[in-house]
Structures are given as C-alpha cells and as structure tokens.
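Below, subunit A partners subunit B and then partners subunit C, in two separate complexes.
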Partner chain A sequence: MDMNSRSKYAWAYIMIAPTLIGTLVFWGSPAIYSLYLGFMKSENFGLINHWVGLDNYHKLFRDEEFWRNLRNTLYYVVLVVPLTLVFSTFFAVLMNTRIKGASVYRVIFFLPQVTMPAAVALVWIVLFAQDFGLLNYFLGTHIAWISDPRFAMYALVLVGVWGGIGFNMLLILAGLQNIPRTLYEAGELEGAVGFRKFRHITLPLLTPTLFFTTVILMIGATQIFDSIYLIIGKTNVALPSVRSLVYAYYQNAFVYYDQNYGAVMVNILLLINLILTGFQFMLQKKWVFYE
Partner chain B sequence: MSGNRTTAVRKTHFAIHLILIVGAVVMIVPFLWMILTSFKTTTEATQIPIVFFPRHPSFAAYAEVIEKSDFPHYYLNTAFSALMKTVFPVIFSSMAAYAFARIQFPGKTLCFFLIISVMMVPNAVFYTPQYIIMSKLGLVNTVTALWICSLISPFATFLLRQYFLSISKELEEAAILDGCNPFQIYRFIMLPLVKSALVAIVIIQLLWTWNDLQWPLIINSSPEKLTLSAGLATLASAFYSKYPVLTAGAFMAVIPMILLFFIFQKRFIEGVAFSAHKG
Partner chain C sequence: MLNRKKSWFVIVSIILSAALMLAGCGKSKSESSNSPSAENSPASSGQASEKASDSPKKDVTITYTIWDQLQQPAMEAIGKEFTAQYPNIKVKVEVIPWNDYWTKMSAAAPAGTLPDVFWMHSGQFTKFVSGNFLEPITDRVSTGKIDLNNYEANLGSIYTLNGQNYALPKDFDTIGLAYNKELFDNAGIPYPDDTWDYAKLAEVAKKLSQPDKGIYGFAAKMDTQTGYWNDMLANGGHIVTDDMSKSGYDEQASIEALKARYQLILDKASPTHQQMTDTDATEMFKSGKVAMIFEGDWRTNDIDGSDNITGKWNWAPLPKGKVKRGNIINGLGNAMSAAGKHKEEAGLFLEFLGSKRAAEITAEMGAAIPAFKDTQGAWVKSKPHLNLQVFIDQASEAVPYPAGMKSYPVWFPKEGEIMSQAWGGAISIEEGAKKVANMMNQAIADNK
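Take a look at the complex of A and B:
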C-alpha cells in the first residue's frame, strides 16, 4: 500500500537537488575556501596559492588598524543594538494599545525598511551637511557629522537606528500580540498598572521575542558596510574612526587586491558571529521566560 | 467612576498619539527632504538660512541624473536580477522544503544541515571565493553575475519547511492512496496551502535583491552592468556635494519599491513579519 520507498527516495533527491547543489557550489564551498585562503599567499587573484600557515593571522593581530576596525565594529554594535531595541519596544508597546490609526503608523514606521540603503545614505548625506543640513538646523548645532572623527560614528548609529526601528518594531509587535489579554486583566485586578504592568507581565512574556530580535540585530550590525561606504566615503578623514571589519575587508580584497588578508578579516568576523550566536543561546536559557 | 476612567483613557490615548506622531515625523522627514531637495537648484540647496520649499521647482537635477548616469540600465538590471532571485528560490526552496518536511530518505538530516549551516555565515565571507568562481566562469562584469549565485535560498528552504511541518498530514494520505507521487502531492496539494508563505518569500527576496549593494559593487563595474544601488554609489562619488542630484537619483531609485509597498502594504508588512517570526 505504501509507495515503493526507492522511488520515494528518488523523488526526494530530485526535489532537494537544485537547492542542495546550488548551496554547496555557490555558498558552502566558498565558505570553506575563505578559510583556506586565510592560510595561503595567493598570486594572480587565486591562480597560484602558497601555504603560509598562520602568517596572515599573525600579521593581522599585529596590525593596529585591524584592532581599531574591530573596536569600531563592536562599538557600533553596542550602540545600535540597544538603541534600536529600546525604541522598537517602546513604539511597539504604544501601538499595541489598540489606538485608532495604528496601521497608518505601522506603514510610516516601516517605510525605511522598503527603501534601498544606498538611497537612504544619499539622503542622509544631505541631512548631515554642516552648513545647510536639516539636522544641525533642528538641533541648533554646527557639527560636521560626516567628516568630524568625533561624530561620524554617531551619524552612522543614527542612520542605523532610524532604518531599523520599523522592522524590529514589527517583530516585537507580533510578540506582544501573542500575549493573552486575560493575563493583563488578571494583573489589573491585582493592581498592576502602567510601568509595573509592563515590567511584570509584558517583559517576561516578551523575552523570547526580544532575545530573537537581539540576535538578528547583532548579526546585522556586525556586518555594517553600506552606510560607511556611501556616507563616509574612502577619502574622508573620519574613516579610520568608523571603518568596520567588512569595510576593511572590501578595501583589502577588492581595492588593494590582497585577498588573503581580506579573507582573514572576514574569517574573524565569522568567528565573532558564531560566538555571538552561541553566547546568545547560552544566555537564552538563563533569562528567557518561555510559557 | 466610569466617566473618570474614560477621560483617563482618552488622555492616555492622546499622549500616545502625540508620541507616535513625533516618531512618524522623524521617520518621514528624510523622505520629504529628499523630494524637496531634488526639485531645488544647487544654490537653493546650499543656502543659509535653509530654504525649505524650492521657489521655482525644477527638474534640472533629474535631467542631470539621466544624462550623467545610466538609469535605464540600472532599472533593467535590478528588475531582472530581482525577478531571477525571486522566481527560482521560490520554486527550488518550496520543493526542497516539502521533501525535508515530509519524505523520509537516507542522508536527510545531513543534507538539511549542510543547507541551513550557510545561514550562519556573514555574507562578506562568500564574496572573494564567489568572485573567483565568477572570474573562472568568465562572468565578472556581467548581468548574469548579479543573480547566478542566488537562485537558491537556504533561508526560504528553512522557513517553508517549518510551514509544511505545521500542516496536517491527512490531505496527503488521501492523495497517496490515490497513487500520487511526492512531486504531485507537493505541486497540487501542498503548494496551494502555503500561498501566504510563498508571498512572504517573494516579498523578502524582492526587498533583499532590490536593496543589495555590496555584491553588485564588487562584481560589476561598467555602468550598463550596474544595479540601482551600485549606480547610486557611483553617483554619490561623482556628485558628493550636489545635493539636488544626489536626492533626485535616490528618489528615482526608491520610487518603484515604495509604490509597490503602498499598493501591497498589508502583504509587505505581514510577509516580513511572518518570515522573521518563523525564522
């Protein structure tokens, strides 16, 4: 009665074949090859490779610019992730109060998400302008947001948070809507209102969502490239204060054509991402409250 | 008592609206400024005090963008690679996801693990080796290079598998009795059931492709092979302080996706929320 299992296997292999082969050829083997390139010295863009062991990594760890890039990247993550999380949660909680017109706000907050980062970056160049920029006009300041090494990082953080709120708010809103109303009603009977309601009912039940959102945000933020490339630009004096690992990778691999040195940089980024993910999953057990 | 309560609720709602309106204005001002600046002259855009509305709205900046860059090619290349990177992943991923969710076969766990493990790797790790593959295939600086690596999607495969797993098996069992093969079951019974998930995947693939910058920038350099985002990057370096030109280019690049978003806003928002939630 059951289908012949051999033909069943055949069907299964045929159905997974395009995805499996495509993944292995274009994504899986490149990931392995990047690790391999880290131990090589290549000539002619990969045509001749000599084994050099850990030389590229030794060079990297003695390179002050690398440590600075790493620090920049982590500083960006440390600023962007909590800020985006706080604002997204704040707006999501407000929108979850069943007020009128919530869908209109949702559309407006989501707008940056459907806007190409390259275009967003060009608009922010105009908004950040020192003399004629709208930002300085509203703040009453005269800051060279883009070219002052002290401020360039905050400019990038502002762009990142502005662009990230809509998406993350949506995730958190979905999490909020999964919390049963009856819990709030029970809480209200026991006198939980306002912030206490948020602290003792919403927050514990929202932690799985917040946890998940944090992971996505962190992984995205460690890969910052677009806004540095477009807003700061390669000739800017502020570049060293904001240059990220991915930007340095791009410069080394595709501007200076040192693909081995580029590879060790992104391999470190891979390691950071794996550690972050692992760390998050360990922490998850401690502070995430599952129903 | 109840009167007091209604007033209190009304007051809270008023405060909430106020805060949300401030937030919405912050979200929208860059868009307004983009449109306003694009219709100014360069002098108007760099005047003190700031000129908010262009006195004589002009299309000069748009004319300059069209003249100095290759927007028709940017649009075509972006739209074509978006099409390829949407249609094929939807077909391939849904097929694979069904097999992973429903068919028992030797090596299943290993194959699935191989596919989803690349999701943990940052994109930048792939670029150099992919560049080498492209150059071996003679595809550097071609439109094909923009999409060829992305005809599959591990993420969509993962997502759709979750979705197939949540569907009850009864429908299939009847079809198996009727002698359908796994592909027929997938195509005629299961696929129609996951339409909303497929729409979500179409939307996220479309957004990712449309917005992607780094790969097009790395792989292609001739103007007629660029995408919109890479085209904007060249525009930015050529006209860094010509604000009307920058904003006119930006506006031209974002308008198709924003129009699509306004038409299908509910599907967009649900699609993105759905995909993130299942992932």
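Take a look at the complex of A and C:
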C-alpha cells in the first residue's frame, strides 16, 4: 500500500466516522445492552441487575399476549409491504413519464414523509372518527374505524401505506431513471408497447431497487409503533387486536418499568428481522436481475 | 461542475470547523462555570453545618422543579418571599411538562442529578422512595419543625411509606359533577344538588339524552379517579383493601357499581366507549354534547376557558351512593433529593413551601387548592361564578388516591387496558373486574 492510497483510506474513514460512531453509540450499544438486559432482573431504575438466565424468555414464550402481538406484527407486515410496494411502483412509473407538473406531484407524495407523525395521526383520527369522520361520510357507513377490533388493523395499514408511498416512490423513481432509454427505443422497434414494455423491460431492470426497497420496508414495518400509540391509544378496546411487538416493548419497558421483559421482546424481534432479511438475500437469486 | 464541487467542499469544511469550535467553546464554558462551585461546595456545606446562624453564609441557588406552567408564577412568588427571609438562598423554578416529567426524573434519579426540591405525585413516589432517592423528612416532623396536622384530611399520610415521611403536602384535588345549565333549563329539570343519589343521576341522564341529536345526559366514561372509583366507593366497594394487601375490584359492591355505570351506556344515556375514545368525554361536555360529567377541579380553568360553555355550566357535588358519597382526594407533594448538593438550604425551602404563607400565595394566585388548613377560601373566590366550594366540602369524606403501594405503577396502567376491553364490550364487566382483581393481586404479590 503506497502513501497515496493509505491517505485515501484514512480520508474515507474520517468521512464515514460521524455515521459510524453515531450508529455504534445510538444503535449498536443499545442493542447489545438489550441482549444483556434480557438475561437480567433489574431493580431500582436499573442500578441493580441479577442474572436470571433464560427466565424472561421462558415467561415470554408462555405469554399468550406475546404470540398475539407477534401475529399482529406479522399480519401488518404482510399487508403493508406488498401494498406499499405496488402503489409506490405504480406512482413512480407515472412520475417517470413526462407529465406536466411532475415535481408538484413528487412534493405531494413526499409530504407525508416530512410531516410530523403526531400531526399526521391527529388528521387521521379526524378522518376515521365514527360520528363526524370524513371517511364514513364518503362511504356512507357508520364504522368505528379505530376502535372496532375488526377494522382497526386496516385503518393502521391504510395510514402505513399512505405514509410509506412517498419515500419508496422516490427510491423506485431513482431506480427507474437508471434504466437506459435506449432499451425502450430498442423495445419499441421490436414492437413492445404499454404494459409489455413495463413487464419485460422496466420490471426486470428495477428488481435490484425493488429488492432493496422490500428489505427496508419489511424491517420498518416490523417496528410499527407510533401510529398505534398515537391513533389507537391505550384505552382503546381494539388495542389487543393491533398491538405490535414494539408497542408491547414500550409498555413493558417504560410504562410497567419491566425493562427485562421488554428487552426479550425486542431481542426476539431482532432475531426475526435477521431471519427475514437473511431469507430475502437467499431468495434474491431467484428474482433479482443484476446487469 | 468542478468549481461547484469545490465550493461545496469549502462550505462543508467551514460548517464542520465552526461546529468543532462551538463544541470547544461550550465545553470550556461549562468547565469554567462548574469548577468554582465544585471546589467550594464541601467548604460551604461544612460552614453551614458548623456555624448555623451567625457569620455570613455563602450564596446558594437551589432548583425547584415543577410540571405545571400555569403554576410557575405562584411558585416563583413563593421563591421570592423565601429569598427575602434567607437572602443567601436563591430559588430557580424550572418547568418540565408532565409528559416528560417522570421520564426525566427517572433518568436523573440513578444519575444523582435530581433537582434539590421538586413536585412529587402519589403514584410515583414509592418508586423513588424504594430507590432511596428521596430525603426522608421524618426528623423535621418529629422535632416539630413541620406539623402534619396543619394539612387537610390526612394529606400528610399520602407521602408516608414504612413509617417515614418523604414529602410535604402542597395542594389537593377532588372530583365534582360538572353540569350544563342550558341543557337542564331546556328540559325543565332542576340542577343537580347535594341531595342527589346515583338513582337520580341515572334517571335525569336518561331524560336529558337525545341520542339522535348526539346529546347525552351523562358521560359514563371508563376512567378511574374521575370515573368509576368514585362509584365503587359510594356503593361500599373498594379499589384496594384498607391494608392495601388485596384488590377490591372483585367485591360484589364494586362490580355492582361498575355495572350500573356501564348500564348508562346500554340505556343510551351516555356515549359509547368507542365514541369517547374518538372524542374525549370532557371535550364533549365543553361542546354541549354531554349534560353531566365527573371531572377533577384541575379542569376548571380548561372547561371555563371554552367559549362554547363559559357561563352555561357549574359544579355540583358527586351523587350519594348506597353507603356514602364517594370521592377521591389526591395531593401533590414537595419532596427533596437525597443526593442534593445543598440539602441544608433545600430543607429550609421545603419547610417554607409547607408553611401557611406559601399556601396563601398559592390560593391568592389561583394556582391550586392549597393543602394547608383554612387557606382554601381564596381559591374558592378566584372564580366566583362557579361553585368551587364543593371541592373543599367533599375533601373531608374523600378517600386518598390509592397509590401508596409499590405495585401501583405496575397495576395502574394494566387496569386501564383490561377495563377498556370491558367498556368496549369485548368482555363482560364482571369478567373485566375479576381480571383486574387477579392482575392487581399478582402485582401486589410481586412487589412486596
């Protein structure tokens, strides 16, 4: 290694240092501390910790509520990820055509991403309200969207998909713009039109982006918390039907002061995410097309 | 293109170096301000304990942390008056909003950075006491510097655990029946008064309800302190047994009271739980959709400040039950940190906060109902168009908020989750009450 490339490396490390240190301090160390807390019984604001081995995990696996929360979380993921993916791709393809005012639409679609979650939740609460809500007004129904156990999950999915389209659309749009125009021109010469262009040119070349988007979306969706906290709330009869692992973690760790029981929940969630992501990397060989 | 890249690099490096410089400044500043006090504090505390009265004392600033911004002016006024008596002790009043208050205090406690003196809530104090983060004030009580008999209705006992006293009563709150005069007038029904019992409440609630117009006689909300706890007590039930060893939710009298409240929803004399989840019941009252509601005195300014209802409402006492008039009395306390740097001075301020003079300032400025006996009159007069006297009158027969137990922070949030299942119709009221009782008994056993 000569001096030049060594100093190049040094610069590279200096440049990524802020992110790297931030990740270690704010993500790495809490994750490791959660693993540690999972084997402990903490007392007195966490000043005293006793080793209890796998007790917390035993308790967790016998806890019906945990399995229900896990099922809720996975159900949410199964609904939100494909829907967000389909809608984001759809809108990204529309945005990619030369329509008038495309940038205005981009801003509109991206707005949910930059709006405060609490403000978004307030607006949705008004829309969902049973008596005076706009949703019931337009549908001509009288459904308690956020406090009827049969509907609350779909309300959250709607909010999740709506909130996710903007960001994922941008990712996919970037992917679309990387597809060389010459391929479409060649396709047109061969007689490809409309949906066939999308199916045989756009989609295959978009798969690397879609893969990345799916991984990110899935990890994000397993961590659903804020919309449950803000829209459903803790005295809602529908809470058990929508409570996610992260919400249960928050309740246990910060409301009931049982950090240890909360820690084992997020440790399991970490494991689930590792497995899900690992699976996706294995499966990508089957459908992701790299040039 | 290249030029633009270069200029970006320059801008970024300027920002970075500026940030570094600023960070450097911040550090050196805080070091320079910290070092003298760190050097002098052992000396000053030694001085204070050796020579109590004579010789000029060192200037000290103590921090008094509260969560209600509306009370800040009154608390600052108390601080000023205290400084007039002890010119060397300044009081800095700091407000941390309720939503962040306990999170911050829970982080400050193990770090040893609790404020010198701060507001304590009955639901939280056992947690802080069991960690030895609060300075016991038992000595001040036994030596007569503080007389707990000065305070209303056993308020002094709220902040007692295992025979030790940890906080001085600051104020208290009770529950009242708020009613919409206009809705009563329209129906030609006389206003609620102290002769009312629960049967009368249910009867009038049904008469006043017009579900097709979205107007209900009573908000039978799923709530504890401003809800069914009062009903349970009035009917002869308990929240917890008197020795706090067992839940009272599964007592027949408690279940009966819970069922009676829920019945009002079934009779369409109250909005449903779903409706009250969508819109807070007190907001419904403020917008004239609910004729009667149980609320705490602390909502007085909030309700009265709403243009829709101001001038059209008043307070009445809670109705009588089969056994008595139920009511929950709760009180804030002033507590001091066990790890404070200026405990001597903080102790003096704490005593002043518990004095009659501090109570008078609290009342005159309309901040809260002071806990000190015979100082509540000024608070009652702060809103002459409302019958605030009902809160004072009900205090003597009220039951203390049941938080003086280690298991309280565990069972209280879970109680709401279970009862919301019952109120929402997912399980029966009886099943909910029994589930709560089992859960509470478990929590009590786990947190002995």
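Here is the rule we use: the second predicted complex is superposed on the first by the 264 of 291 C-alpha atoms of A that agree within 3 Å, B and C clash if a C-alpha of one lies under 4 Å from a C-alpha of the other, contacts with A are read in each partner's own complex, and residues count from 1 in each chain.
In this section, a residue touches a chain if its C-beta (ideal position, glycine included) is under 8 Å from a C-beta of that chain, and two chains touch if they have at least 3 such contacts.
This structure is a prediction, so every number in the text was calculated from the model and none was measured.
*Asks:* Touch test for A:Y257: subunit B only (first), subunit C only (second), both, or neither?
*Replies:* Only subunit C; A:Y257 stays clear of subunit B.
*Asks:* Could you look at A:L210 and tell me whether it touches subunit B, subunit C, both or neither (first, second, both, neither)?
*Replies:* After superposition on chain A, A:L210 lies in contact with neither partner.
*Asks:* In the overlaid three-chain picture, which partner chain does A:A12 touch, first (subunit B) or second (subunit C), both, or neither?
*Replies:* Touch status of A:A12: first partner only.
*Asks:* Identify the partner contact of A:S147: answer first if only subunit B is touched, second if only subunit C is, both if each is, neither if none is.
*Replies:* second
*Asks:* Thinking of the overlay built on chain A, is A:I125 touched by subunit B (first), by subunit C (second), by both, or by neither?
*Replies:* After superposition on chain A, A:I125 lies in contact with both partners, subunit B and subunit C.
*Asks:* Could you say whether A:F225 touches subunit B, subunit C, both of them, or neither, answering first, second, both or neither?
*Replies:* first
*Asks:* Touch check for A:P112: first (subunit B), second (subunit C), both, or neither?
*Replies:* first
*Asks:* Tell me the contact category for A:V237 with respect to subunit B and subunit C: first, second, both or neither.
*Replies:* second
*Asks:* Please name the chain, subunit B or subunit C, that touches the greater number of residues in subunit A.
*Replies:* B
*Asks:* Taking the contacts subunit A makes with subunit B in one complex and with subunit C in the other, which residues are shared?
*Replies:* In subunit A, positions 45-46, 125, 129, 131, 233, 254 sit in both the subunit B and subunit C interfaces.
*Asks:* Which residues of subunit A touch subunit C in the complex?
*Replies:* 44-47, 125, 128-131, 133, 144, 146-149, 233-240, 251, 254-258
*Asks:* Which residues of subunit A touch subunit B in their complex?
*Replies:* 1-3, 7-9, 11-16, 18-20, 22-31, 33-34, 37, 45-46, 91, 94-95, 97, 99, 101, 105-127, 129, 131-132, 134, 137, 162, 165-167, 170-171, 173-174, 216, 219, 222-223, 225-226, 229-230, 233, 245-246, 249-250, 253-254, 259, 262-263, 266-267, 269-270, 273-274, 277
*Asks:* State the interface residues of subunit C toward subunit A in the complex, per the touch definition above.
*Replies:* Answer in residue numbers: 103, 106, 109-110, 127, 130-131, 214, 222, 273-275, 277-279, 409-410, 413-414, 416-417, 420-421, 423-426.
*Asks:* Quick one: which bits of subunit B touch subunit A in the complex? Just the residue numbers, please.
*Replies:* 12-13, 16-17, 19-20, 23-24, 26-31, 33-34, 37, 45-48, 50, 92-93, 95-96, 98-100, 103-106, 108, 111, 114-115, 117-118, 120-133, 135, 148-154, 157, 176-177, 181-183, 186, 207, 210-211, 213-214, 217-218, 228-230, 232-233, 235-237, 240, 243, 246-247, 249-251, 253-254, 257-258, 260-262, 265, 268-269, 272-273, 276-277
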